[in-house]
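First, the structure itself, so that you have it in front of you.
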Amino acid sequence: MNQWLMAGLLFTPLAWAALSLLLDFRQGRWLSWLGMLIQALVSLGLWVAVASNGGFYYALAGWEAPLGIALRVDGLAVTFVLLTAAVATACGLHAGVYLDPSKSWQRYFWPLFWFLWAGLNGVWLGADLFNLYVSLELISLSAVGLVALGGEAAALRAALRYLFAVLLGSLVYLLGVALLYGQFGTLSLTGIAAVVGADEPAAAMALLLMLAGLALKTALFPLHGWLPPAHGVAKSPVSALLSGLVVKASFYIAARLWLELGDRLGSHTLAQGIGALGAGAVIWGSWLAFRQPHLKQVVAYSSVAQIGYLFLLFPLTFAVAEPVSRLAQQGITLQVVSHALAKSAMFLAAGNLILSVRSKRVDALGGVSHYLPFSLFSFGLAGVSLMSLPPTGGFAAKWLLLQASLASGQWWWVVVLLLGGVLAAAYVFRIYRATFLEDRASDDFYHPPRSLEAIPMLLALLALGLGLVAEPVLSVLALPFEVAAEVAADVAVQP
Amino acid sequence: MSPDLLYALAGVVLCGIGLFGFLLLEHLLRRLLAFNLIGSGVFLVLIGLAQHRNGPDPVPQALVLTGIVVAIAATALAVVLIRRYYHLTGHTSLADDGEAQS
Amino acid sequence: MNWWLDGLLIVALLVTAVAMLVSRDLFRAVVMFMAFGLLMAVAWVRLQAPDIALAEVAIGAGLSGVLLLDAVSHFQRGQRRQQPPEGK
Amino acid sequence: MRRRLLLFLTLAACAGFTVALAAAVLHAAGAALPSALPEQLAASLGSSGVEHPVTAVLLNFRNYDTLLEIGVLVIAGMVGISLASTSSLEDPALRSSDSLLYALQRWFVPLMLLLALYLLWAGADRPGGAFQAGAVLAATGVLMRLGGLPMEFVRPGVLLRLGLVLGFAVFLLVAVAGALAGEAFLAYPPGMAGGLILTIEIVLTLSIGMILLALFVAAPVSDEHEPEEGAGP
Amino acid sequence: MSLSALLPILALLSSLLAAVVIFALPESSHRLRTLVNLLAALLKLGVVAVMTWGVFRGVDFSVSFTMLPGVSFMLRADALAMLFAGLSAVLWLFTTIYAVGYLEDSPNRSRFFGFFSLCVASTMGVALAGNLFTFFLFYEMLTLSTYPLVVHRGTDKSLQAGRNYIIYTLGGGVALLLGIAWLHGLAGDLPFQETGHFQGADPALHGQLTLIFVLLIAGLGVKAGLFPLHGWLPQAMVAPAPVSALLHAVAVVKAGAFGIVRVVYDIYGIDFAYALGLLEPLAWLAAFTIIYGSVRALWQTDLKRRLAFSTISQVSYIILGVTLFGPLGAVGGLVHLLHQGIMKITLFFCAGNYAETLGVHRVDELDGAGARMPATSVAFTLAALGMIGVPPLAGFVTKWALGAGALAAEMEWAILVLLVSSLLNAAYFLPIVYRLWFCPIAAPWPAERRWGRLETHAWLFWPPLVTTLMLVLVGLLAATFVSPLSWAQLIAVRMYLP
């Protein structure tokens, strides 16, 4: 059974990418609907399988690590696979209606979309450092392609900036991999974690490099400059994909590295330093979001801020008691999931609003509530999650992080968490406020199709509901991973 | 010190030079060159360090082959983007006043 | 003897790299890049990695070099077109 | 003045980075742990279907990497042609009438094709393989292109796209066939590894050559572009 | 799922689902929307009535599930919860009727009534919350769902008021969240229970607990309009009259006061809070707010603004009652939660009627309105007299109980506060009453409208009359067992005699 699920999970996106390249946009849309259905089913199946039987390793091509590439299928990975299925399906459905099929280049949307999905699945399941690099490149190049699609000057400019940032990030990551391979002779993360010792300056440098590269790809403050143009200029479904999923991929790898190796290779300074950058991102990103004149720029800078929270994982899991670390991990996971849902909902809704008022500016939104209450409401609900007010997933995440900070005595992160919520409220309410203004002279509104309005609403409701059902979602994360111990023993090379 | 390690150190220096160029050069094509330079440096470190211990090692060699192909894909993509960007705007750098041409 | 060869090769690599980045003329920079690729190929041979050496010659020096040269000539043509010959 | 300072700071940062990295490399070289990987590789080489270890790693042990890497190439090619316009094929500036080039082309093209074939065939037991062969193939194409040959097949039509994905698709089919046959995804059925790898290499060579060539040809001079979001309905 | 678990959920869902349905309805289907609104209000009233009866009989209505590791979502109906739930269920019905009439012919009604229902759903959640976490959840939901109501008109002034409202309340929310999270870190999940949780807590924790108490009160005090956190309340009166009624009488202000009651009695426990010395400063703050609000009200010429400052003053009666150590004070505070709601909603209904029917907004324009609108003016007069504390109206019952409580707690200065405040109440209400009845009409009404036989629109006419009847009845029947007073006594008994 697992065999089929894994094959389906890895095969479908790649095959669909290849097939849809041969079709035009409309045919590709039909094909992609089918593919999304398959992906959703397979992801759900895998989730159920792991939820009932625990995690496992899957050796690709039948070769166990370290010779071959093994995939690690555990609670966290399947949670993200499922999240990807949900968000990507929503974005795909939205894009199918949103994009203009008469443009010849739109046919390339579907292959890029599917390659992106394949790369994401590869990252969630990856346990091999070099394979993660290739998956990351797959994601990066298809994301750049999606941003550049259409070839308009601003898009190209954003795409180039994005491309250079992610390429540099990948290379720095690869440099770290090179050091680790040089010292430990294996690329399997589990294998390295099994043999790495406490006092290894070279390995610590490798970890530092990898984290730096990944932080650049995740747009951690102050390396975030590339993100807002790319996410702001791209078409809304693409922005939703990029903000919701793509930046999470590199963070996910960084988090995995930290949780496996951080206790031995990290240091207090490093952990607190990364946390401080995250805090800087929360504050600076929110402030910039508050200042943006364009709707999508607000949402994009909000991503910079929300990504900042994720990096609190590093200080909150370093040298703290096991239950506190668990709390922090759960909180960050919830933050990733709820931000993915809320931010994609927000971008899609923003796309609808822009389509409707025919302007990208925030102050053009006055009176839109008469014409597009549904999209506005989705936007608002997603905003509630970003402000981390109850009962949303964002709030649940913040609650757990607050508990973790208080329990570990790192009260300064409490300040960041609370301040971040207030700042988020500032930029979200600025947009609400604009929509309530009634002095708009013209009634020149375009009404997008119903289906475009329903999708962001569904995502926003998911983000909202996540707060209520956080416990069952989180329980999958803590699933047993029986094979882990024995495979680790196989992989480990006795020195 | 084996020659392999020497090459690895050369790779380190190439990374440093490349990084310097990447950060400071504004012309997009030059940046691309710097990117390729860093890439070569990383590959040298990967191979040099691994072979310093094991002798000729096919695994990192395969990795580098993959890496080279990824790098050429990225380079080619970047060239296409740069050319079109230049065609539309007349700029060859991302700086705002961007007329810094060679 | 071999140490000399390796050392010389590495020095040449570094010099080419620096020359590539500091060269004022873009065309020359790309030529340097191709030269660098060839030197890299020799280095790969020295590192007993003939597969990479072949790939480097074909891809690194050859193909990307041609790609970049083509782009440079495109820019230079464009520059001529953009600046009408008022100097004449 | 500010520019000077920036230059200096960057220089210092890069120098510091280089020194730290060099120290790490030296340390890693000194602290290297023995690895069982080479022995495992040597032991498994026999059942990999090829004799050349690099090819074995690329197309058998770590073929998922290779599959995704071809994906990366396909993406690059795809984005390239999505931005391309066909008019560049008729760009008169490219139609060189250089007799030297013409002569070069007459002699070189067949030679290079032969070289590509050799590299492809050699991959099984000697250095060489799909990438090198594909690159040579692409270089041949570039040469022909510079010589002004109108290459109809690199127009962004369905044929070109088929060519782009051919290698990738065949590779993927083999991968899923492994899963269907009861082995893992990407595994080769026992005894068929050699043949399958050769098949994959042949189609990969064609595809890689085609992608790289397409990227070269995709000189974007189209004036059509997507209107900005919000600029119109 | 048993009935006892189902009813609290039903009480919530009745207005939550109404909100969803109303949002989904097109803007033009006004009759259907009104029907949904009224059905939901009646359903909720029925459910709450059944639950109140059940709680009186000793049935335990509760439902809970784990939301996050270590935190549960918990709804539970105890006597205190039913006091607040009963108040909002009854008043919601009248406010809805009133709002339907008030907003006739105005745009954006779908949005308005959707958020209106959400707002009441949140209030119901605040009332029925079984632990501090759940309370916070609905408390913040209330903030969010009232914002669109406050800025409903979309004018610069209302947007400004909305901005201040959100700054105050979200700021308060942050303090509250910090307090709750901190408390959770110290003591785990805290369900509300009659004697509190910290009886005999480790003295080492006392410092932290005091700090947390300050945070919690600061967070709740914003909504309760406690000085100096009251700034948003007078500004928010730019909202339509039904919204003001909702803010001042049914939901927002009450949620803050109710939260303070919960924290003092059911989290800290009255004995422990007293022992920790937390009550006295709070009592002083409440006393100051009472006087301050009344004094400020004196100078307001805008009718609704005067009422807003009156609210600031009156809500602090509740807090004062809570802080008077002893069952009598508690009864006074709790019963005022209800009495103030009934009286204030009547006053706002009347103010809305004057504005809608005559176009009158300022106190000095009201001259002679009693002749033009006798029924409304009677209602206004009775409610004003009740506020002043004239027997046998609702306000008198409260002040009597508070005074008795102050005596029992040996805090005689509180009686002085009550007396001064009553005088001030009289000073700012009686001139209005005088103008209504005894001054001749000075000028033509600024914008008069007529609807048939009644002095105003029928949907605007009846609600204030019914609430006036209620405020007379709760005073007259105070000694019987169906009165709010006896319910408050029931609560106080359960609280003080575990």
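As written, the chains take the letters A, B, C, D and E, and residue 1 is the first residue of each chain.
FYI, a residue touches a chain if its C-beta (ideal position, glycine included) is under 8 Å from a C-beta of that chain, and two chains touch if they have at least 3 such contacts.
Just so we're clear, the structure is a prediction, and the values are computed from it rather than from any experiment.
K.L.:
What chains touch subunit C and also subunit E?
P.N.:
Looking at subunit E and subunit C together, no chain touches each of them.
K.L.:
If you take the mean of the Cα atoms for each chain, which one ends up farthest from subunit B?
P.N.:
If we average the C-alpha coordinates per chain, E ends up farthest from subunit B.
K.L.:
Name the two chains that are joined by the greatest number of C-beta pairs in contact.
P.N.:
Max contact pairs: A-D.
K.L.:
So which chain is the furthest away from subunit C, centre to centre on CA atoms?
P.N.:
If we average the C-alpha coordinates per chain, E ends up farthest from subunit C.
K.L.:
By Cα centroids, which chain is closest to the centre of the whole protein?
P.N.:
A
K.L.:
Any idea how many Å lie between the Cα centroids of subunit A and subunit C?
P.N.:
The separation of the two C-alpha centroids amounts to 38 Å.
K.L.:
Would you kindly tell me how far, in whole Å, the mean C-alpha position of subunit E lies from that of subunit B?
P.N.:
Comparing mean C-alpha positions, subunit E is 67 Å from subunit B.
K.L.:
How big is the gap, in whole Å, between where the Cα atoms of subunit A centre and where those of subunit E centre?
P.N.:
The separation of the two C-alpha centroids amounts to 43 Å.
K.L.:
Averaging only over C-alpha atoms, locate the centres of subunit A and subunit D and give their separation in whole Å.
P.N.:
About 28 Å separates the centre of subunit A from that of subunit D.
K.L.:
Could you list the positions in subunit C whose residues touch two or more of the other chains?
P.N.:
Residues 51, 55, 59, 63, 67, 74.
K.L.:
For subunit B, write out the residues touching at least two other chains, lowest number first.
P.N.:
8, 13, 15, 17, 20, 45, 49, 52-54, 59, 61, 63, 65-66, 68-70, 72-74, 76-77, 79, 81-84, 87-88
K.L.:
In subunit E, what residues contact two or more other chains?
P.N.:
Within subunit E, no residue contacts more than one other chain.
K.L.:
Where do chains touch, given as pairs?
P.N.:
A-B, A-D, A-E, B-C, B-D, C-D
K.L.:
Write out the stretch or stretches of subunit C touching subunit D in their complex.
P.N.:
Counting only subunit C, the residues touching subunit D are 50-51, 53-55, 58-59, 62-63, 66-67, 70, 74, 77.
K.L.:
Where on subunit D does subunit A make contact in their complex?
P.N.:
Result: residues 20-21, 23-25, 27-29, 31-37, 40-41, 44, 60-65, 67-69, 71-72, 74-76, 78-79, 82-83, 158, 161-162, 164-165, 168-169, 172, 175-176, 178-179, 182-188, 220, 222, 225-233 of subunit D touch subunit A.
K.L.:
Help me check something: in the complex, which residues belonging to subunit B touch subunit C?
P.N.:
3-4, 6-7, 10, 13-14, 17-18, 20-21, 25, 27, 29-30, 32-34, 36-37, 40, 43-44, 47-48, 51, 56, 61, 64-65, 68-69, 72, 75-76, 79, 82-83, 86-87, 90, 92, 101-102
K.L.:
In the complex of these two chains, what residues of subunit E are touching subunit A?
P.N.:
Subunit E reaches subunit A through residues 23, 27, 65-71, 73, 107-108, 110-111, 136-138, 140-141, 143-144, 147-148, 151-155, 159, 162-163, 166, 170-171, 173-174, 177-178, 181-182, 184-185.
K.L.:
Taking the touch rule as given, give the residues of subunit A at its contact with subunit D in the complex, in rising order.
P.N.:
By the definition above, subunit A touches subunit D via 3-4, 6-7, 10-11, 14-15, 17-18, 21-22, 58-63, 66-69, 103, 105, 108, 111-112, 115, 118-119, 122, 130-131, 134-135, 137-138, 141-142, 144-145, 148-155, 175, 179, 182-186, 195, 200-203, 205-206, 209, 235-236, 296, 351, 354-355, 357-360, 446, 493, 495.
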